[in-house]
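Before anything else, here is the set of structures, which you'll find just below.
Across the two complexes that follow, subunit A remains constant while its partner is subunit B and subsequently subunit C.
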Partner chain A sequence: MIEVTEVRAGYGDGPDILNGISLTAEPGRIVTILGPNGCGKSTLLKCIAGFVRPRAGHIRMSGEAVTDVPTYLKVRNHRVGFVPQTDNVFASMTVAENIMLGGRLMERRDRERRFDTLLGQYPSLASKKNRRASALSGGERQLLSLARALISEPSILLLDEPSAGLSPRMMHDVFEAIADVRRREGPSILMVEQNAFEALHVSDSAYVLSFGSVAIEGAASDLLADPAMRSLYLGGDKH
Partner chain B sequence: MSDFIIHVTIMSGLYALLALSLNLQAGLGGLMNFGQIALFACGTYGAAIAFHFDFGAVSGFVLAVLAAALLGWAFASVGRNLQADYWGIVTLALAEVIRIIATNEDWLTGGAQGIGGIPPLYAGLDGQTRQLVILATVLLLVLAAGLFCRHLIGGRYGLSIKIMREEPQLAASLGYDTIALKRQLMAVSSVLAAVSGFLFAHYVSFVGPEQIDSSETFLIWAMIVVGGLGNNAGAIVGAFLLQFTFAFIPFVKDWIGLPSEYVAAGRLLLTGGGLIAFILFRQSGIVPERVGGRRYV
Partner chain C sequence: MFQFLVDVLMRACDLMLVAIGMSAVYSLMKFPNIALVQYAATGGILAIVLQKIGAPVAVAIVFAVVLTGLVAVILNEFLFNRMLKIGSSTAMIGSLAVSLVFSAAFLVTVGPNPSRFRLPVSKPIRILDARITEPQLVSFAIVAVALGVFALLYFRTDLGRCMRATSTNEVLADATGINTARMKTIIVLISGVMAALGGVAIALKGEVDIQIGMDLLLPVFASAILGGLGNPFGAVAGALLISLVETVVTTINFGPLMGQVVVFLPVAYASAISFLLLVAALLWRPRGLFVSEVKRV
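Take a look at the complex of A and B:
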């Protein structure tokens, strides 16, 4: 469970990038955040993860106030998994090492079991498990980053554009994987996406940001049906 | 001549400890510490102040090590939100502040005159034997420090540090406490520098502020860059290589008939030139590094 209330945040002495954002992500639900480039989606995730300190407002995880808690404690105490938009793999380590790192706080046996399961789910990673991550394509890095977050069975999952740079086929697989995680493990999933149409299809609800504020919010199915949304963010009349 | 070689080897060994220490910070941790000489100063002044106030050498050692660990911790804490390059500038400034304090607080540090007459190590032994025993001590310490660093870098802790260095945000998102890791690394590596300073003070019997000039920090940097950043053997090789090269500049000078001023200039030229040449043409130095270790997760 993630609860964000009236959060304001920015970088350094700069202006507020987030102008009082509130949202909720419940366990077993996928919440998607949409919006144009530069509107503050990644900043919102970084705020929740603890990389950017909110200037005002509150953040709660599983009912506990965590507004000013540093990232590593959130990760340890609330099992937060984070897939950043950029710099998402350790380039000089192998694929297997990268995935294993995500499970470093787990029992060894659980970690290895999860590792095998994940490699089964992502054959493209399995075939390259002993390669350096620097030798992966952009899409493969994206997958690797997702696998590293999933190995620990997080109870809060923050995904910053998990489908960026993926082929349509791969994108479908990634969204299926995320939907599958929700079904089996039921974490609270907060996902930033540009592929709005595909993302909304697997989501329960969504928020559309504009200039650091929530412009539209609602059930994913309602947003998909909303003609204004269609023309504004979904790009024409697909389907 | 053999006395001279022994002396140069001892000095190389003391610099090797400093280089190993800086290599932990910069090579392993990516911490661009330009104030390394201040940590060495904790060692020299720890020895000198303990002697000056008659506390005895053991308290001097304890003082040196504690002061260095504390200063290293402080380095890591000051400006911990700064980017690596800005942090480097802060460490350079802090080292200068410490040198200026050492120059001006006469009552404590002997001021610009420094503190002389510090008793030599193994004072009971006669000249030649003493040199050899000091040589053996220093070489053993270098070996021990090298093994310690290798153990640290190759183990779980080293992997955490490498992960923090490569992607700090990603490291935090995996549950690593990056600030604590930096502080621990600085504190531990500072102790090595302090040991070097402590031995140096007792070896040359004199401690003064000109020994802790910032140009010395860059000499240590040149050693680890030449040897190969991130590599322990490289740090030791670099220290010996540069010290021996410097030691023979005066002979080369006589041989080609240059005036004496050129000795100091030659040192600077080699330090700067060596740094630039290796950064441009062989960034990995003489022996490169490998990151990894699924085994240790």
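Take a look at the complex of A and C:
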């Protein structure tokens, strides 16, 4: 479970980009953060992951305070899986090496079992497990990044724009994969997305940010049906 | 012909370990640490000094190599890491300044005269048409073993995979639970050890003077750039190429071209060849000869 309370954050000496944001992501739920470019979505995710240190506020994971814990310790000690938006694979390493690296702290037998399970779930990766990650398509890279994060069976999964730059077909496959993860493994999933309509369809709830604050929040089904939301973020009534 | 191959290999042994160190550090820290050539000089000179004060050769070498590795870590922690926060060019210029300080320190402590290991004199071994001395064989063995151990570590262990992951994508490595700061310290230690071993390998084959570090700078830089900075085993290939060209140019008889019987280029011209290859690489293959990775946006 992720609890964010009144978090303020920014870069260097610059102004606050997050102006006191609070949110909760419970286990087994997909929570999406939406909003226009520059509203602070990615900064919020980086704060939660530990790449950006909050100037004020608190972050808790599974009940423990983790506000100032660096990223690698969150991953190790709080079972956090993180899938970045770009540069999301180790390009010079093979598909198998990428996935195995995510589980290097596990017992060898568990790691190999989990590796086989993940390749069973993602056949497009199985057929390319000995190829370099640099040779994969954008969608395959996204799945590889997801598999790398999932091998250690995370209790919290952070996804930064998983559909960025993907074709509609691949985007659908990636969102299906995310919904599958929730069904099979039940982590708290917090996802930043631009493609609001598709993201809301697999989410349980969502927060819409505007200028670093939460402008709208609610159940995904309610937001999909909300006329103001449809006109502002979902491209009118075309869906 | 076999003598020619031996000469190429011996020259490559001078360059390989230092070039690997430079490339490995670049891959993680994103700046070419010029001070690495002085770590090589430190390794060689320190081992000779330790032997002079009574340590057995093997013990002197181990101590010199470990101490140099620690010096590399300390300098990195207190100087280069801080300079890197300003920028990579600042760190590079800083490493040049540190190199000059090393030269001055060598001049004050060991003086300008060349020194060498005190080793028993042995007859050269004859293999085909080549004559190889025992210290040359030991030097070659040191480089070969160091390369083998580094390759095993880099490609076959979890530590190596973490090092490669950190050098490929530091943010993602962090997000994979890798302590990237510790990885950098480890690679700096390894590069210092490799450079020091390179210096020891040179010292075993002959004399070492305080200029040895700066003499290595150009060919080592050229090897690392030809191999693709950040690609440690590319640097090995780069060192072999530089050595091959240097050996060819210094063993060709230019006499017939100049209407004389015998005209050889002085060995001092070898560094000019490194310089030419470096310029050519920067102009035509700035990312190195062996970069074939498919780049996707």
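Definition applied: the second predicted complex is superposed on the first by the 237 of 239 C-alpha atoms of A that agree within 3 Å, B and C clash if a C-alpha of one lies under 4 Å from a C-alpha of the other, contacts with A are read in each partner's own complex, and residues count from 1 in each chain.
The rule is short, and it goes like this: a contact is a pair of C-beta atoms (placed from the backbone, for glycine too) under 8 Å apart; a residue touches a chain by one contact, two chains touch by 3 or more.
Keep in mind it's a predicted model, so treat the numbers as computed, not measured.
Asker: Both complexes share subunit A, so when I overlay them there, do subunit B and subunit C fit or clash?
Answerer: Verdict on subunit A: clash between subunit B and subunit C.
Asker: Under the stated touch criterion, which partner chain does A:96 make contact with: subunit B (first), subunit C (second), both, or neither?
Answerer: First partner only.
Asker: Classify the contacts of A:138 with the two partner chains as first (subunit B alone), second (subunit C alone), both, or neither.
Answerer: Once the two structures are laid over each other on A, A:138 reaches subunit C alone.
Asker: For A:127, using the defined touch cut-off, is the partner it touches subunit B, subunit C, both, or neither? Pick first, second, both or neither.
Answerer: A:127: touches no partner chain.
Asker: Just to be sure I read the superposition right, which of the two partners does A:117 touch: subunit B = first, subunit C = second, or both, or neither?
Answerer: The answer is neither, since A:117 touches no partner chain.
Asker: Just to be sure I read the superposition right, which of the two partners does A:87 touch: subunit B = first, subunit C = second, or both, or neither?
Answerer: In the superposed model, A:87 contacts both subunit B and subunit C.
Asker: Could you name the one stretch of subunit B listed in 27-35, 45-53 or 261-269 that collides with subunit C in the superposition?
Answerer: Here subunit B runs into subunit C along 27-35, and the other listed stretches stay clear.
Asker: On subunit A, which stretch or stretches are contacted by subunit B in one complex as well as by subunit C in the other?
Answerer: Shared contact residues on subunit A: 49, 51, 70-72, 75-76, 82, 84, 87-93, 97, 100-102, 104-105.
Asker: Note which residues of subunit C are touching subunit A in the complex, please.
Answerer: Listed in rising order, the residues are 158, 161-162, 164-165, 168-169, 171-180, 293-296.
Asker: Under the stated contact criterion, what part of subunit A meets subunit C in this complex?
Answerer: 49, 51, 70-72, 75-76, 82, 84, 87-93, 97, 100-102, 104-105, 132, 134-138, 141, 148-149, 152
Asker: For subunit A, which residues are in contact with subunit B within the complex?
Answerer: 49-51, 70-72, 75-76, 80, 82, 84, 87-94, 96-97, 100-105, 111
Asker: Subunit A touches which residues of subunit B in the complex?
Answerer: Going by the criterion above, the answer is residues 163, 166-167, 169-170, 172-178, 290-294, 297.
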